[in-house]
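Dropping the structures in below, format is C-alpha cells.
Next come two complexes built around chain A: one with chain B, the other with chain C.
Right, the complex of A and B next:
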C-alpha cells in the first residue's frame, strides 16, 4: 500500500502521482485531502484508492475501472461521468452525485444532495440515507436505490432509470410513477445491498420487498402521436 | 355599369396579422404545441449585420499587398494561454459542433475529411465522438454538452481540444431537440436513449450551475486531458460582455460566441427568431470584455452564427475574432437546399432554397437524416471535396480583403480597416459612419 499526502502538492501533482502508483500496481492511500476539488479525476487504471478524509467537487469524476473509497464526505459531482469502477463514500455526498454515469457503482453511506443520479445513463447508485430535490432527473438508464427518504420532484422526466426508495417520497417528479415491484426487483435489491453495504448497515434497512419502485410513465417520451402529422405540416 | 366592375378591388393586408402570422396562429390552434423546425432564424426584419460594414482598402494613405500573389498568412494558433499543445490550423475557418443524429453519418465524415484536407478542424456535437470522425479529422474538438450523451473520457483524451458548451446561438437558454424520426437504432445506442423518443436535451449541465462551478469544471477537464489540450467555452450570445468575462475568468483558453443567426437541427422556432443578440453585436461585446480584462489576444475569440462567406469572416476578424466557426454554410456546401430530388422537397411542402425541414429527418439530399436510403444521396468523398473547396474559397476571400488593406496576415485586420454603412452598425462596432469621421453615438 503506497501512501501519498496532499499537503504541499497541487491537484495536478496529486493526480499524476496516484496514476503513477496505480500503474505500478500499488493500492494508494491519499492522506490530508482537505476537501480539495478534482481529486482522483480520470483515473483509468484498475486498483484501489483510499482518500483518508473529505473531498471536494468532482472527486473520482471521469474514471474507468478504479475502486475509490472516501473516508469522509464528498462535494458536488462525485464520480460524474464514470464509465466503470466503484466509488464508496463513507459520509455524505453533495449535489449531483453520480451525474451522467455510464456504468460502475456509486455508494453513498450517508445522505446525498439534490439531483443525485441526474442524467445517469447506466450503472448503479446506492444511498443509504436520503437524497435531495430532483434526484433521478432525466435518468436514462441504470438503477438507483435510496434506502431513506426522497425529496421533492423525485424521478422527474426519466427515460429508463429504475429507482427504489425505502423511505418516504416527498413528491414524484413529472412523468414519474410508482410501479409494482417484482420478485426479480426484490432479489436485485437484496443482492445489491448485501454486496455493497456492511452487514451492520443492511440490518437496519427496509426489507427488499418494502422498497417503492419508481419508473417513468413514458408520457414525456414523445409529443402526442396525433400531433406528429401537424408538426410535419406545420412548417 | 355596376359599381363592382368600375371600382378596382384593393386587398389590404394587415401589418400585424400578416399571412405568416395567421398561418402560425391557426397551426398552433390545431396542434396545441409550439412550432419546431431547423435551420436558424427566418426573421425578415433586418438588424445590424456584417453587410452594414464595408472595407476601406488602401489607396494613398496605406499601401496594399498584391492581391493575388504576395504572402498573407492564414496560420491560426488557438489555446496558448494554458494548454501545452495549442491548436495550430492552416486557416482561420473551422467547422462548428453538429451532432451525429442531427446530421447523417455521411455528412459528419464528409465534414471531417473536408476540413482536414485544408488544415482546418472539426467538432463533435451532442452524442459524443464517432470513430470515423476521429479517424478522418486531423484536428478534432470534443464537445462537452449539458446532456453528456456519449460522454467518454477516452474520447476526450483522443481529442485536440475540449469545448465546454454552455449555450448555442440558435437557442440560448434551452437545449436542442432530436425528434423521433432521427432517434434511430444507431443514434439511440450512441446516446443511450430509447429508440424513437423525442429527445429534448437539457439546458443546464448536470453537475455545475454558475461560473464559480465552471472554474472547477475546467480544472477537471484539464486533469482529464493531462493539461495538454485547450479548453473552449462556448456561449450563446445573450449577455455577451458579462458572460465572456466570466468564461475568461474561469480559465478558458478560448471563448466561442455564437450569435442569434446560428443554425440548429431542431429547436422551438421562437428561440431561433426571438432570442439572443446578432453575431455582429456579439463580436463587439466579446472583444470589449476581453480588452477590459487585459486578456484580448491572450484568450482567443471564436465567432459563430450565420457566417456565410469570407467577407463575413474577414469583418468578424477585423472586429476582433481570432477564428470563425461555420455550420450552416458547410451544410449548404454538402448540398443542403440544392435543387436535387426536387419531388422530395415537395413532399415536405417546400422547395430547394426554402427548406428548413432538418427536424423531420427527411432531408432530400441526405445531410440531416438517419434514413439509410436518403443518406446514400450524399457520397462522402464528393461531399468532402465541396467542403474543402468552400473553406479554400472563404480563405482566399479573407486573404484578398486583408491584402487590399495592406495586411500580410489575416489576423492583422482591424476595425480601422472598415467603415459603417448605417448609424446602428457605427454605434455597435465603434467604426465611423461612411461619409463622416464620426462614430455614431460617441
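Right, the complex of A and C next:
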C-alpha cells in the first residue's frame, strides 16, 4: 500500500505519481484531496486507488480498468467517459456523474445531482440515494439503478439505456415509459446490488421486483411528420 | 464561471469571525473569478442607525467628493462615524430616514458616487482584483457578525469596475444583498419593464436585476422564500443565486441546474459555495455537503 499526499503537489504531479505507483503494482491511498479537480483522470493502469476525502470535478474521468474509491463527496463529471473499471463514492456526487461512460461501474452511495448518466453508452450506474433533474438524458446504452427517488424529466430522450428506480419518479422525461420488468431484470438487480453495495445497505432497499423499469418508447428515434405533436412537445 | 459563497450562523450571535470564514472560501474559489471580489457582511445592529458604504468614484477618475456628500447628507441628519477606506466613504446616519431620500442625497453629488450598501446590519465592500487584495484594503477577516455572502467575478458581458462587481445591494431596500453565478437571459426585457416604472440601474450587469427584483418582491410583502420561488417563473437563463437580508440567507437554483451550488448544514451553521473546495478549505473533511437540485430554494433564518 503506497501513500501519497496531495498537499504541495500540482494535479499533474499527483496523477503522474498515482500512475507510477499503479504501474509498480501498488495500491494507492491519496490523502488530503481537498475537493480539488481532475484527480485520477485518465488512469489506464489496473489496481486500486483510494481518495481519502472529497474530490472536485471530473475525478476518475477516462479511466480504463482501475478501481477507485472516494471516502467523501465528488463534484461534477465523476467518472466521465470511463471505459472500464469501478468508481465508488461514499458520499454524494454532483451533476453529470457517469456522463458518457462506455463501461465499468459507478456507485454513488449518497445522492447524485442533475443529469446523472447523461449520454451513457454502456456500463452500470448505481445510486443508493436519489438522483437529480433529467438523469439518464439521451442515454444510449448500459443500465442505471436509482434506489431512491428520481427527480423531474427522468430518462428524457433516451436510446437504449435501461433504468430502474426503487423510489418515486417525480416525472418521466420525453419519450420515457415505465415498462414491465422481466425475471431477468430482477435477477440482474439483485445480483448488481448485492455485488456493489454493502449488505447493510441492501437490507433496506426495495426488493428487485419492486423497482420500476424505465425505457425509451422509441417515438423520438425516427422523425415522422405524422407524429408532429410528439416532436413539438419534446423540442 | 464566478464563485459565490455564503455563511449563516444559526446561534443568533453576531460575534463570529464571519469575515474570515467568507474570505477563506473566496480565496479557494478565486480561480473561478479573478476580475473582482466582494463581500456583504452583517454585524450586530448599531442603535438602529443606517450604515452606508459609499463609492466616491472609480479609482483615478474624480476628485474626492467626501465633503459634498457629508454636506448633502447633513441636510437630512448629521452623519456619525465618518471614515474613508480604499475609495469608499463609510458613515452612519439616523435609521428612521427614508433610504431612498438618503441615497438620492448622496448620489446627487456626482455621477460616479454610488451608495454601495445601506442597512442597519449590512455592509458591502467590493473592488476589482482578488480576495487577497480585498483583505489588504478592508481587513474583512477582522469583521464579526452573524452571516455573510461573497463573490469572485469572471466578467463575461459587462465591464470590470467596482460598480459592476458583486455583491449587489438591492438599491433602496435596506440590508438586502445578492450574489449571482450565471446569466439572466431575459435581463434586457425585465430591465425595460422596471425602467418604465422609474427604476434606476447603475450598471450593465445582468445580475443587478436580481437585487431590483428581490427588493420589489420584499417591499410587496412577500417572504424571501416566496420571492425566490417566484423568481423561478420570472427569470430565464442560468442562475445559482444567494440572497441575504438582515436576518436570513437563502438560495435559488435555476430549472436546469446549469450552475453549481453546494450546501452543508450543522446545528450551528449553514454554508453554501459554488465548489466543495471552498467548504473543505474552511470546514475540514467531516461536513456533509450536497449539490442543490434544479429549482431548489432554501432559506435559513434565526
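Quick note on the criterion: the second predicted complex is superposed on the first by the 224 of 235 C-alpha atoms of A that agree within 3 Å, B and C clash if a C-alpha of one lies under 4 Å from a C-alpha of the other, contacts with A are read in each partner's own complex, and residues count from 1 in each chain.
As a convention for this text, contacts are C-beta pairs under 8 Å (C-beta built on N, C-alpha and C of every residue); 3 or more make two chains touch, one makes a residue touch a chain.
Everything numeric in this text was worked out from a predicted model, so none of it was measured.
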Between chain B and chain C, the one with more contact residues on chain A is chain B
Using the touch definition from the top, say if A:122 reaches chain B (first), chain C (second), both or neither. first
Ask   = Looking at the overlay, does A:58 come into contact with chain B only (first), chain C only (second), both, or neither?
value = first
* Asked: Is A:76 in contact with chain B, with chain C, with both, or with neither (first, second, both, neither)?
  -> both
- Message: Just checking: does A:222 make contact with chain B only, chain C only, both, or neither of them? Give me first, second, both or neither.
- Response: first
Chain A contact set shared between chain B and chain C covers 37, 56-57, 76, 95, 115
Contacts from chain A onto chain C in the complex sit at residues 34-37, 53-54, 56-57, 72-73, 75-76, 91-95, 110-111, 113-115, 132-134, 151-152
Contacts from chain C onto chain A in the complex sit at residues 255-257, 260, 262, 275-277, 279-281, 285, 288-291, 293-295
Within the complex, chain B is touched by chain A residues 11-12, 15, 37-38, 41-42, 44, 56-58, 61-64, 76-77, 80-81, 83, 95-96, 99-100, 102, 115, 118-119, 121-122, 137-138, 140-141, 159-160, 221-223, 227-228, 230-235
Contacts from chain B onto chain A in the complex sit at residues 27, 30-33, 35-37, 147-148, 151-154, 156-157, 179-180, 191-194, 196-198, 202, 206-208, 213, 216-217, 219-220, 223-225, 227, 348-350, 356-357, 359-360
